[in-house]
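Each of the next two complexes has subunit A plus one more chain, namely subunit B in the first and subunit C in the second.
Let's look at the complex of A and B:
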């Protein structure tokens, strides 16, 4: 799996490409923006072709590390395959999920601003 | 024009309790799933795309509706949070909405519309804001309206909240009585007020009193009286000399001989009174019962593999168990308590002995490391009561995990999938792991997960 990281208005955008499983999950878990409890991260899942329980685990653990548990990690562009895995495990309730990365960034920035105020 | 249909689990929680065999969004109103009324309305309003948002599971709904091609629209699905406002919902679905006008139908409500009226022009020309509302939800329009002067009163809408069995009954009867003039309803019939599905077997002596709606694969046996105002679902048998009047019979239900069902909702072996909300379960299957589906043979290979593996574990750990168990028992380090646990079957509990081993002695530490506290549970795998690996058994007083229709959410096992994974930190996270594997594992991957669970327990106990 490859992770490309960009930033917009202070929000880190991680675009994942490939398979998020037991092998690649540590790479995501150890990402600098993911580890930082203060940093809000938007995870773009459009190019994720497979996710397993370890992959979900990595995303859930990352959100647990954040200061704002429901707003620290925002998910975007989930394809149907990934969405179904989130739904079947009921993990979708733990996240805000957007179909557009820019909308997710706007939301995250608003949340971050209101949390900081 | 795009339409968003937004639902929250709490709005239809009563359906889960009253009619657990059906996904609330597929609840049949006059033999037509609830969601289809909303899709029909979205199409009448000129929508080319419909997105269904929900904070609960949509798997069963998705299996039924698929991508919407049967209605000629693009149907998609997404998740929301229970506290999301309309503004947040629009933000979360920005790509879907684009620059088009959006109609948001929120809440678990029955929309009273008339298929003969022109909602398309109305939806595009009405000013932004609320179109119709009721205590349980609303229809809202966003985006710039087209500049057409229309008389909006010509096609006013009203909403009926489906918040109880009584309102569901009212809405069903209303749909039946207004019939195919207002809504697109399933079935064929020569005259208004009578709709029949496919493969309906009607004995010569059966009396049909309009209005009625009868589903597919129904048998009406001799001297039965159906109607007036009877809605009979699919795969239903009404036995001899019974009558069904002002009542709803759900799919897969058997109504016994010489019975009079009047003003009731029959679902499986449950008879519900829509007025009082009272519900009774019939114990006698000759009176009222569910028509069960055949046993699912797909679970057989898993049961066989689990049983063979359990047999192997029983043989391997027999000698350590037979040596350590009496020693620990006599030393007071082995404490066993019996409790009732939730079984995989929804109508049964499973009595199990739960062992607690005091790990202060070396023998106890070995017993725990070898998972001998679960040894006796392995015999339950041979009888099919437990899986070798599955969900952590839940005490019977706990509520059963939410049933995601079409998906298994609970299968108690000797070892749990969460024990095989490293990441779960809390009970809630363990459920995520268990649900993932219940949906995705196969008998062979189960064996490798058992080994992982066993090693994890071994390491965990060694660390202690």
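Let's look at the complex of A and C:
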């Protein structure tokens, strides 16, 4: 898996590409923006061709470590294969999920602003 | 693939080899679905085996005995009566597949593997054979 990181209006955008499983999950979990509890991160999942419970666990765990309301994980561009695994585990209940990354960034920025970050 | 064909694959019990296991599962599933592998139902069939094998292989590696030497995970694929079965064999301690589903509201990091396997497969059977665990997962075309 590769992670490319960009930033838009102060929001980190992580675009994941490839497989998010037990082997690659630590790379996501140890990403600097993911670790930062105060940071809101948009995770673009469009190019994730496979995710399993280890990948779901890594995203759920990252979300748990965020300090609300300034920090958080927002998901975008879930393809059908990824969505299916989120739905099986019910993990989609834990996240704000957007069909496009721009909407996800706008949401994250608005939330950070209202939290006074 | 002829009826009752059996394919066996033995891999080192290391996380690094999980993708080899899942790619093998996808390839076998594609083989038995034939031209339908390009249809949504065929893609779902392959994805189900990719997921199930990823979860089972990861569990085998995660729960491997620390002092085990030459730890391996063996996969066997059997296709008969339009049903594909993959069995994952390891030499770990016995386990149960009757595990409770984690409460998602508590943000659990683990524990979803068997849930996913049960959801994507038609039939899941665990048995102990001597010192081996055998987890058999079946799905009909």
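Rule of thumb we're sticking to: the second predicted complex is superposed on the first by the 113 of 117 C-alpha atoms of A that agree within 3 Å, B and C clash if a C-alpha of one lies under 4 Å from a C-alpha of the other, contacts with A are read in each partner's own complex, and residues count from 1 in each chain.
Basically, a contact is a pair of C-beta atoms (placed from the backbone, for glycine too) under 8 Å apart; a residue touches a chain by one contact, two chains touch by 3 or more.
Treat the numbers as computed from the prediction; the structure is a model and nothing was measured.
A:100 in the overlay: touching subunit B, subunit C, both, or neither? Say first, second, both or neither.
Only subunit B is touched by A:100; subunit C is not.
Looking only at subunit A, is it subunit B or subunit C that touches more of its residues?
Per-residue touch count on subunit A favours B.
For A:63 in the superposed arrangement: first (subunit B), second (subunit C), both or neither?
The answer is second: A:63 touches subunit C but not subunit B.
Could you say whether A:21 touches subunit B, subunit C, both of them, or neither, answering first, second, both or neither?
In the superposed model, A:21 contacts subunit C only, not subunit B.
Is A:86 contacted by the first partner subunit B, the second partner subunit C, both or neither?
Only subunit B is touched by A:86; subunit C is not.
Please indicate which partner A:53 is in contact with in the superposed arrangement: first for subunit B, second for subunit C, both, or neither.
both
With the touch criterion stated at the top, can you tell me which subunit A residues are shared between the subunit B interface and the subunit C interface?
52-54, 56-58, 60-61, 64, 84-85, 88-91, 93
Would you tell me which residues of subunit A are touching subunit B in their complex?
Residues 52-54, 56-58, 60-61, 64, 70, 77, 83-93, 96-100, 102-103, 106-107 of subunit A touch subunit B in their complex.
For a test of understanding, state which residues of subunit A touch subunit C in their complex under the given definition.
Per the touch definition, subunit A meets subunit C at residues 19, 21-23, 50, 52-54, 56-58, 60-61, 63-64, 81, 84-85, 88-91, 93-94.
Considering only the defined contacts, which subunit C positions touch subunit A in the complex?
Result: residues 15-16, 18-19, 22, 47, 50-51, 54-55, 58, 61-62, 104-105, 107-113, 115-116, 119-120 of subunit C touch subunit A.
Inside the complex, what are the residues of subunit B that reach subunit A?
55, 57-59, 62, 77-79, 81, 88, 91-96, 402, 404, 407, 417, 421, 423-425, 429, 431-433, 435-437, 439-440
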